[in-house]
Amino acid sequence: MDSKEFFIPRLGEAQIASPVQAMEFVPDDATVAYDTSTAVLEEYVKNGQAIPAFEQAGPRKLIYHDPAWSKAAILTAGGLCPGLNDVIKFLTLTLKNIYHVPLVYGIRYGYRGLNPAHGLAPIQLNEDNTDDIHQQGGTILGSSRGEESAEIMVETLARMNINLVFCIGGDGTARGAHDIAVEAERRGLSISVISIPKTIDNDIAFIDKSFGFETAVYMAGIFAAGAHNEAKGAYNGIGLVKVMGRDSGFIAAYATLAQSYVNYCLVPESKFVLDGDGPDALLPHLYKRMLEKQHAVIMVAEGAGQELFPQGEDVRDASGNLINKDIGLLLKDRINQYFKERNTEVNIKYFDLAYTIRSVAAHGADAVFCAMLAQNAVHAAMAGRTDMVVGHWNGHFTHVPIALATRERKKIQLNSPLWTSVKASTCF
Amino acid sequence: MDSKEFFIPRLGEAQIASPVQAMEFVPDDATVAYDTSTAVLEEYVKNGQAIPAFEQAGPRKLIYHDPAWSKAAILTAGGLCPGLNDVIKFLTLTLKNIYHVPLVYGIRYGYRGLNPAHGLAPIQLNEDNTDDIHQQGGTILGSSRGEESAEIMVETLARMNINLVFCIGGDGTARGAHDIAVEAERRGLSISVISIPKTIDNDIAFIDKSFGFETAVYMAGIFAAGAHNEAKGAYNGIGLVKVMGRDSGFIAAYATLAQSYVNYCLVPESKFVLDGDGPDALLPHLYKRMLEKQHAVIMVAEGAGQELFPQGEDVRDASGNLINKDIGLLLKDRINQYFKERNTEVNIKYFDLAYTIRSVAAHGADAVFCAMLAQNAVHAAMAGRTDMVVGHWNGHFTHVPIALATRERKKIQLNSPLWTSVKASTCF
Amino acid sequence: MDSKEFFIPRLGEAQIASPVQAMEFVPDDATVAYDTSTAVLEEYVKNGQAIPAFEQAGPRKLIYHDPAWSKAAILTAGGLCPGLNDVIKFLTLTLKNIYHVPLVYGIRYGYRGLNPAHGLAPIQLNEDNTDDIHQQGGTILGSSRGEESAEIMVETLARMNINLVFCIGGDGTARGAHDIAVEAERRGLSISVISIPKTIDNDIAFIDKSFGFETAVYMAGIFAAGAHNEAKGAYNGIGLVKVMGRDSGFIAAYATLAQSYVNYCLVPESKFVLDGDGPDALLPHLYKRMLEKQHAVIMVAEGAGQELFPQGEDVRDASGNLINKDIGLLLKDRINQYFKERNTEVNIKYFDLAYTIRSVAAHGADAVFCAMLAQNAVHAAMAGRTDMVVGHWNGHFTHVPIALATRERKKIQLNSPLWTSVKASTCF
Amino acid sequence: MDSKEFFIPRLGEAQIASPVQAMEFVPDDATVAYDTSTAVLEEYVKNGQAIPAFEQAGPRKLIYHDPAWSKAAILTAGGLCPGLNDVIKFLTLTLKNIYHVPLVYGIRYGYRGLNPAHGLAPIQLNEDNTDDIHQQGGTILGSSRGEESAEIMVETLARMNINLVFCIGGDGTARGAHDIAVEAERRGLSISVISIPKTIDNDIAFIDKSFGFETAVYMAGIFAAGAHNEAKGAYNGIGLVKVMGRDSGFIAAYATLAQSYVNYCLVPESKFVLDGDGPDALLPHLYKRMLEKQHAVIMVAEGAGQELFPQGEDVRDASGNLINKDIGLLLKDRINQYFKERNTEVNIKYFDLAYTIRSVAAHGADAVFCAMLAQNAVHAAMAGRTDMVVGHWNGHFTHVPIALATRERKKIQLNSPLWTSVKASTCF
């Protein structure tokens, strides 16, 4: 890594005393080293190179935006994720109670709400109308996919004198935030644009943890146990559970360990074939297990095994994400066929968890993470940072350049402790 | 109703003093009137007719089977349902702790386990190996669909000297129990065959409540709330939830009231059309609502709207049940098409709850119902009743002839308080 | 029972056509027989007596109050109970959507809100502000204990032209509703006063089921399992769980069956002593069990064993309920002492569930019951019934005179199937 | 920090090829830097000092113990914590499936089970008898407090030829593990003794996360919402919730953020007084809030406010932990008194969560953490490490010397992001 890649833009010099009370301020040059290996760290120093590190998040003693003159906007984009309302609530509380920003707007339906052509009036957010929202799944603001023109959106922000923008969403949303930041700079507007990373798949690079993920794992675990019950309840029963995970199989891997009844964990990162003699051939392995044990649970991420489909035209959603072909149905069909050819009874019970695990409220430590992430986003914005994602690394909240966060997707490393644990817990 | 239809066969005269302690015995002629209207009740008496009534369940002072010489068998058949393990546990506890029956067999995989051709050895059940099972969904015995020859099964029972048989399952299972009872009688064997009604759809006639149903409603409610979050989270969002309910829409109706966010509740009992000018045309009504409110939740029972599919050959499962065509997918397609034709954005999020709501453990009062149902099944068997279903009516546990229980399915009455409440809570 | 005791007062002749659509009206003389035994029923008829029966609840073809001129008030009194907000929501929906009553007031903090001295302004309830409330525990209206003068309250109702009053609460609340009805009649005001029975203890006579009870049982069951884990986790561990149940032990009994790990279920209805030689002596029995099994779970209702305390002055709460002495702490002390005297280690883990099981939202079928109860309360009020409780009996919703409902508390019958099941599942 | 404090003892040279498949081995000198600030890190290097760092956990290419000759023992000590059974299951699976260790003993009731005087036979653990245990709270092995003689315990290990010992428990348990390691070394026995840190309070120094903590936070959050409902349900209602947290208030702080209804979060780290004029005076602040808002929720850790009690003799439990005086009851009494003196009604609802939040099964990501912690404990033991705790730091699993882990307790830093977030979310 090159330490220059970690640079975070600032709107200007912070000169206003922070109104934040009873809190140790984080120095402007505080860092969180990217690496933790002492050998690697020493190497940098000995070579005279700066240690690559994230800017550490947190409240600054001097801030850039004058709270009394500030107006904030919050929006949510992309698919639902547990915790959206916690983030909205804590952005609002921190802006209103800690910094005393007088006006906080909730923008409706993502970037769409910043384009007046859609006629979507914003909501004023405050302590009272956000008090209960953490108990609801979804987002009180509504969400949408797709892009709007940066020129039009910045025109709206300029017209409304908004200088603090919080965009909660995935990498598409982060790229939109970047476009807004660039356009604002072009027009000479001092607008802090902060992206708050939302990915139920936990697949954002350079960020070690995403909100909503743990709640999704908890929900998936409930049904992994149900799939086990279905598998044992029928003769030669197979519980087949499909979960989210377009490019990365973190939900599948975690749910496998959280409900350690799962026998096969299929993720995009680990290729397998259906038939053949190799150790990566699913059907013969499964057939053998069924003869021995008469039951099995298969957990499959939606993005797994895409290469098993006949090649054809790709289909993409409004956010530009490739739409996966349904690996769950393919597995169901092929397993049924394989057993039928061998005159062996099999009873597959298919659980497609799609929306069931993402539409609930975040809970416990996951909700706490939302609260702290939101607060650090506000600290960053008030300090005049922009064009960045608020992240988490090595136990600290961090500032991450959007370019870095969207460069690639985080994936399961097949030699990592996580995947090793999955292998130890499963049989394939 | 004719009072003769309520007759329950007895194997012979009960002459053995019950070992049951500290419990008021239920007289052999105790009854639970079928009707509750005083006008109807008076009419019977004035006409000199017997009031139609179920035999009341409960422990008898004199029993038919000598516990010390008894051997019991328990089996589960058909699809999973919350509470199967509670029933198995309380059958075992009552047989062992209350009646001191020395041997209780758990038969594997339903009726299949009574046919030696399948090579499935039974399990001996006792207090220790059933102690934790109420915390698990599914059935520890395994289940299966399909029939076995009554001759072969009774031969097995005779060979093993089993005189108490408990068949937990739906109406197919009850018919199988009847066949066993008839064959046992033909062979002169004194075997009590008791059917314990299992239907997650709560659709057994002459029985006002089925175990597992309430837990399924609870689970479905969680996802109805999730569907509401998805509907509000996207612009013109529709949460579409499909639940079980082949012939009867009780789960859909109850879940609609339990999570009163649902706007459309579609059940087999209430016909609707997709398009047209009438008040029963779903798509125009939905389209109008979406223009006004921008979100909707639809709850649909799997058996609803089957007449909307093109006619073709019926497909049946191994239990002989008609397999429904997927009304959820049809609705999804037709709604998308309808809105597309009108150039109106719509975002449908489809929840197919199939197995997710039936594979969990029963909880709370539902588990209590399992416990009491199981106990009354044992009391009936020990008293020498056979060829019957243990049921519940007007607040009492009852004995129901299998012919009565399987004569028709219980359905939602469209003029009942239940459906009235659903109509008040929804908009269609 | 005497059939005259079932008489429900009517404000006057119902002459207005009901606006209720698509619903079969319940005839004004529809009844639900109190008894279900055919022998008992026949006896009444043969003796020329009317069969004692409740008036059946439900919508009437002709109603008394003109909806367009009506104003309704809803209040909640006494302790929290799961489902209060469901009842409030469905009263509101039924009044507004089915009967088109223009104004529905939510009265704050029980009867207190009807006394202007407290300065508590009412809330206007409608579809929008009640849409989410079923997801919250507690009551959005606030509650309180204690009485207010009927004269003052009726003066408030008269001043506000309120002709429909719904009082959700226990037997104290029902008596308050009766006082309002009497005072309204004295002043010649046509006010329907309907009491909706709330008792988490499920102890109201002549009503077979109370809302909130099933949710409380579900919650108590979670901790009964936790108590089992604590008991097995420590050497000679005892999990001691205290639940609500001042006069009746229904929660304790149901939770015992719902989580069938409980070994001792102690309720007010079944007396026991601490020491001695008898079979009802708890400590020697427990001591013996611990030597054999090294663990035990005790479920105790707060009102159990009150006679074990030294006699003294009774303490009552603001509702006039006798405050129980803490049987949980007494048991904890006496068990510790008993084992200490015998030099035997014991590790008691005490769970006092008090508020933890009553402050949650109602769920599943329990929420459905709230919805239907509320609707039937509105039907009764609109039809001009007053001075009554809406109840449930033998599978039907009913009208119950307040005098009957408050005459005595429902208690566990020690020879009932419920208690029999508890005895079968426990060891004492 | 001094880098020497991070040294982990090794039993001898690792010479045996690891049987672990398809996993990247962690080099023996892999490290996880203690600090993440680049300025601090550079300072060490420039001063010629080694960067203080933990040994990184994970599988080694060469191991010390020959699996085929190995025997393992697992024990759990101290209070219950969610996840104990997950740890036991994954220790067993890793030992049996990954390393093929033939014998894994479960020792009953903590260290007590290693003293033959108690007559507690061990259990043989395997894949089958641990398959379901992750679904149960508590520990299948039983637990206990208190010490046993290291000489006697090592004599037992020697007699049974056990060379791998896993002690799951708090700092008392870690000290016991240290004593075993020292005694084993004195006798020349090659026994790896690995401590697995269990603290529901999340208060072990040099370890950033403890298993069970997140599940406890989740449970506490449910009741914080209940306390909010009770507070709003009564006039001038106060929901008072006591949670675990003897020396550190992490559960209270996290639960406050997870259910952001809490208005006062009282922890041992932040002193407060009851009365007076200062900003740290609880009662006047609370009184003022109640006049304005009529409701409040207080979350208090059991160790908070201990200095408010009259001084007296300290009481300690069998593990030597100081037993706290009941701050919950003190607050309840003093608040009642304060309001009474001011003739102001107040309704306090007290929730003592004690065992209710620790006796449940771990779920979701918390269970995953248990699985991975257990696996790394086995890797450490097989590689010949001893006298250490397996920990987690900066996103990596680590080896921590027992002396370091038990030197002090981790506490909430009052200037940390966590406490800052709590202050932002509460009013005191």
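As written, the chains take the letters A, B, C and D, and residue 1 is the first residue of each chain.
We take it that contacts are C-beta pairs under 8 Å (C-beta built on N, C-alpha and C of every residue); 3 or more make two chains touch, one makes a residue touch a chain.
Everything numeric in this text was worked out from a predicted model, so none of it was measured.
With C-D and A-C as the two chain pairs, more C-beta contacts join C-D. In this assembly, the chain whose C-alpha centre lies farthest from chain B is D. Rounded to whole angstrom, the centroid-to-centroid distance between chain C and chain D, based on C-alpha atoms, equals 41 Å. Centre-to-centre spacing of chain B and chain C amounts to 28 Å, using the average Cα coordinate of each chain. Taking the mean of the C-alpha atoms as each chain's centre, chain A and chain C sit 45 Å apart. Within chain A, residues 135-136, 225 each touch two or more of the remaining chains. Note for the complex: chain B touches chain D at residues 132, 135-136.
For chain B in complex with chain A, the residues that touch the partner chain are 80, 109, 112, 136-140, 142-144, 222-223, 225-230, 232-235, 239, 349-356, 359-360. Taken together, the chain C residues at the contact with chain B in this complex read 21-24, 29-33, 35-39, 41-42, 45-46, 50-51, 53, 56-59, 86, 89-90, 93-94, 97-98, 131, 134-135, 208, 213-215, 217-218, 221, 225, 254, 257-261, 363-365, 367-368, 371-372, 375-376, 393-397, 414-418, 420-421, 423-425.
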